[in-house]
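These are the structures, in structure tokens.
The following pair of complexes shares a single chain, subunit A, combined with subunit B in the former and subunit C in the latter.
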Partner chain A sequence: MTINSLAFLIFFMVLTILYYLPFVKKYQWVLLLAASYIFYTLAGNHNLIYIIITTIVTYIGAILLDRKNTIQEEYVKAHKGILPKQEIKDYKEKIKKEKHKITFFCVFINLGMLIVIKYGSFLMGNVGRIFGKENLSDISFLQIAVPLGISYYTLISIGYLLDVSKGKCKSEKNLFKTALFVSYFPQITQGPFSRFTEMAPRLFTSHKFSYENLSYGCQRILWGFFKKMVIADRMKPMVDAIFENYQECSGFSLLLGCMYFSIQLYADFSGYMDIVCGCSNILGIELAENFKRPFFSKSLAEYWRRWHITLCSWFRDYLFYPLSISKAAVKFGRIGKKILPPSIAKLVPSIFALSIIWLSTGLWHDASWRYVFWGIYNGVIIIASMCLEPWFIKIEKKLNIKAENKLFQGFQMIRTFLIISLLKVFPIANSTKGSLVILYKIFFEFQMELSRAACFPTFKTEDFFCVGIGLLIFIYVSFKQEKAPMHESINRCPFVVRWAIYLVLLLMILTFGVFDTGLTGGFEYAQY
Partner chain B sequence: MEKLLEILKGLKPEVEFEKEQKLIDDGILDSFDLVALVGEINEAFDVEVEFEDMEPENFNSVEKMYEMIERLQNEV
Partner chain C sequence: MHNIKKIAIRLVLIIVVVTVYDSIIDYLYRPYKDSVTYTMQDRKKLEGTLETVFIGTSRVQRGISPEIMNEELGTVSFNMATSLQLMDGTYHLLSSVAEENPVETVFLGVAPELMLSDNDATRSKVLVYERMMDWKDRLSYLIDCCPMQEWPYITLYSTQVEDYFDFDFVEKNVEFKQSEEYKTRKTGKIRYRNNGMYSLKKSTDDPQVTFLEKKESIFQPSSVNKEKEEYFKKTIEYCKENNIEVVLVNMPISGNLIEELGDVTTIHDYYSGIAEEYEIAFFDFNYYKKLEETFDNQRFENEKHLNYGGAKVFTKVLAEVYKSYQNGEDMNKYFMDTCPYYVAE
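The block that comes next holds the complex of A and B.
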């Protein structure tokens, strides 16, 4: 069962009706937990053991960490002003070490499962290649089907543990409530990555039915389906046709294909987010936003602050900060100060952390070399633009280019779009070799050809019409959203206009949308 | 406080730090600035800003940063 199936719509309607029944009010979170596990099973995961282990480990770990925090607080309170400061500091250090051990153990179990299941074959395959044993990746325990959403719920759980360890939140004492936080169905397959501090009050309290929530939720669901079915699913066959025959395509067609894939992936992934956020809104539970019009970004670094926001902020808070202030980063920083100009030397700890993060982000997406290259490509561009920034500013000053110049901003946006489109050669190809061949063709066998077959293979006249109109609306809405949330503008419209917008959108989905999910599959990002 | 302001001015001369109360929330300081700032604070005030301290509320204003530095100094 995918989110864009009729089965899901029926599942969600039944859940909503049950959710708002008067006698269920007190037990809404119990219903959500049951619904989440039913959804998870219907989505194809018959083996629940991994998510259950993660839940139990996270639950116990959080309680133990919380207990350590309380013990420390009580000790400091009782001995402040009585014992020497150094003694209190030593005690805090001791507790800190104990907390590190608990956190390490829990992260080891949760991350260990993810590594063995998702990366076992990749790691053993590479080890085998080094030692001349090609069949090492065929070891039976490494052939476990990767459970849906394992990358998502693992990181969500680790984030919760680290927050408790920091004392940012208290641990949840009810195992089943922890289970709901880990498995909440709208976010389990593709995110967003929620934080316990934000989600706990929303998930575990009762919600009254609200027309505003229903109306806003339906708007978002409708908009999500529009993006998915009218734009993404109509573009998918064309993108597939280009990259299935990449050997025969010119570099020009492949570059166009990369740009189409950028648009398709954005419509697909942000469409999914709109649908799940809309569903969650109907239930009175707001989810974190995952997109902020990424194609308006003026640099790759900004793009990553607007695309898959919750994943990027997870990596920033739980990996980038600890790494960049670690002893190793400080050491590199000191060396940098001796040999580099001050403007670059101050960036050395960040560069150290970014190098590890981009490698991890690449591997998080998939256990393959092409994603390692994808991570390196991202890291190199971001680090290079950080280091070259002072020179860029000097050039802009010399050429009298102002940062607020609309034409210059447009140039920056197009440049960023081209960079992120080129990055798509890694996820779109089915092998590392394929990615590199596509990249080679784009740069060395460009051969510009303006025929319909070269520019829009498999695209029929109706596809031009549907995708064209779809994209125009999408671009218009994106510009409006840059200024103010779209739903606020819609809500200000008179009743007749508002309903006319809903009906037109619905009619467009029904007439322009692709309904054959067998042809289009689920959502692109579910594979991660 | 003056020493801290000097560090901040060196990092972003165009920002009026005395007036800002949402340096992190409003994106005036990004994560790279924050890391560079922590390095400078550690050296200038002889403290060790740790992972637990890397929270927006500790860096949203000069006053909050100074509060954190004082707390870290008092812990020694």
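The block that comes next holds the complex of A and C.
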């Protein structure tokens, strides 16, 4: 059962009816937990052992960490002004070390499972290659099917443990409530990455039925289906046709393919997000937003603040900040000051942290060298643009280009779109070699050809109309949303206009959407 | 309560709009050649009177004429076969017909290759679904045989249209649907014959044979899909429980194909086994004594399907064989122990 299936909609409808029954009110969270596990099983995960282990480890770890925080607080409170400051400081340091041990142990188990299941084969394959034993990756315990959503719920759990460790939130004393936080069904397969501090009050309290929530939720679900079925699913065969035959395609066709894939992936992933956020809204639980019109970004760094926002903020809060103030970063900073110009030297700790982050982000997506390259490529561009920023500012001043100039902003957006489209050679190819061949062809065998077969392979006339109309609406809505939330504008419309919009959108899905089940499938990001 | 009313009104509005829209699209885009409209008109006319049913795949749909059979046997018959009809579809379609009609005999033609296939075409399910009169039967078929993912495609015609922007087609299609020719069915343009029978060729005795495909021998009893076999047996059991006589028919295929396939014997043995197990009649027309002269290549529109001329001949032969069978005559006068093409070799 995927989120875009009728089965899911029926499942969700039944859940919503049960959820708002008067006698269920107190136990809404229990129902959500049961629904999450049922959904997880129906989505194809019959082996629940990994998510259960993660939940138990997270639950115990959080309680132990919280206990340490309480012990420390009580100790400080009882001895403040009595014991010397140094002694209190030493005590805090001791507790900190103990907390580190607990955190390390829990993260080791949770992350360890992810590494063994998702990266074991990749790591052993590479070790085997180094030592001339090609079949090392065939070890039976490494051949476990990767459980759906493991990359998502592992990071969500680790984030929670780190928050408790830092005292940002209290631990949850109920194991089943922790289980719900880890497995909450709208976010388990593709995110967003929620924080316990935000989610706990929404998940564990009772919600009254609200027609406004239902209306807003349905709007988002409808919009999500429109993006997924009219744009993403229609474009998929064309993108597949280009990259399945990349050897025969010119660099020009491949570059176009990368651009199409950027649009397809955005429509697919943001469509998914709209559907799950809409569902969660109906249940009265607001999820974090994951997209903010990324194609309006004027730089790659801004793009990553608008695309997969919760993943980026996770890496920023739990990896970037700790790394940039770590001992190693400070050490690198000192070395940088000696050998680099001051404008760059001050960036060295950030560069150090960014390098590790982009490597990790690449590996988080998939255990393969092409994603390592993808991470390096992202990191290099962002670091280079950071280092070159002073020069860019100088050039802009010399050429008298103003940042608010619409034309210049347009240029920046197109430039960013091209960069992120080029980055797509890594996820779209089926191997590292394939990615590098595609890149080579784009740069050295460009051969611009404007025929329909070269620009839009497999695209029929009706596909042009369907995707064209879909994209026009998509772009219009994006521009409107950049100024104000679209649902607010719709809600201000009279009933007839509002319902005309909904019905037209629904009929457009029926008319232009892809329903042939041979062509539709799950979502692109579910593979991560 | 106020909210429930509000939601209910909106749900009804959505359902009404979608239904009206789907009906309009159906009228505009469903090709006039599509046999389902006429099939359903004929079904409605004959509902409650059907005594004989032909069911199976396109070979039956194009190969057996109910009109001729009615003349030969003095019965009221209907052809319920559809392209690529799978056994679960056959079962549901047959039970839906049998519940509303005094069905006495069923001629069941199973295409051997469909007993093997794992890839069930959604399109074939649409054809079965559309031939059901009752919404309860439709729902039962959807729940029992179709993954939920396929439901919108099967139930809504607007999701099946391949090209919404072919306005020339729409114009011609609507124009023809409004014409008298369409209503009276008196035209060479319509390939629907009567009582569910459909024939591809316009003319009645088109002598041209088009060989569409060549297939290698694939039928092996061990590779029969267990689920399909279960439905095959379930269909026979359903008939027996309801005192409906089942006649298993293997439709004739062209000589070219018989020679190429080489697995006609395997297919015959498999069906004979089933027929013996359930004590039902089995007429294998690839073992028919006069196969070569009666069903030469001129009687086919392609390797697997009889043309209209071939269908007329075949229906008469089938009626004659069935009458003899009912009279307890020796079937050896019609059938050999092996395929005549193999003897000729």
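Keep this in mind: the second predicted complex is superposed on the first by the 526 of 528 C-alpha atoms of A that agree within 3 Å, B and C clash if a C-alpha of one lies under 4 Å from a C-alpha of the other, contacts with A are read in each partner's own complex, and residues count from 1 in each chain.
By definition in this document, a residue touches a chain if its C-beta (ideal position, glycine included) is under 8 Å from a C-beta of that chain, and two chains touch if they have at least 3 such contacts.
Predicted model only: the values in this text are computed from it and were never measured.
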### Task
Would you sort A:411 into first (subunit B), second (subunit C), both or neither based on which partner it touches?
neither
### Task
Identify the partner contact of A:316: answer first if only subunit B is touched, second if only subunit C is, both if each is, neither if none is.
first
### Partner chain(s) touched by A:166 [first = subunit B, second = subunit C, both, neither]
first
### Query
Taking the superposition as given, does A:392 touch the first partner, subunit B, the second, subunit C, both, or neither?
neither
### Task
Have a look at where A:108 lands relative to subunit B and subunit C in the superposition and call it first, second, both or neither.
neither
### Task
Please indicate which partner A:476 is in contact with in the superposed arrangement: first for subunit B, second for subunit C, both, or neither.
neither
### Message
A:214 in the overlay: touching subunit B, subunit C, both, or neither? Say first, second, both or neither.
### Response
second
### Query
Of all the subunit A residues, which ones make contact with subunit B and with subunit C?
none
### subunit A to subunit B touching residues, read off their complex
85, 89, 92, 166-168, 316-317, 320-322, 324-325, 330, 333, 346-347, 349-350, 353, 386
## Note on the structure
subunit A partner, complex, touching residues on subunit C are 3, 6-7, 10, 13-14, 17-18, 21-22, 25, 122, 147-153, 156, 158-166
### Task
Can you check the complex and tell me which residues of subunit B touch subunit A?
31-32, 34-36, 38-40, 42, 49-52, 54-55, 74-76
### Task
Show which residues of subunit A lie in contact with subunit C when the two form their complex.
5-7, 10, 209, 211, 214, 460-462, 465-466, 499, 503, 506-507, 510-513, 515-518, 520
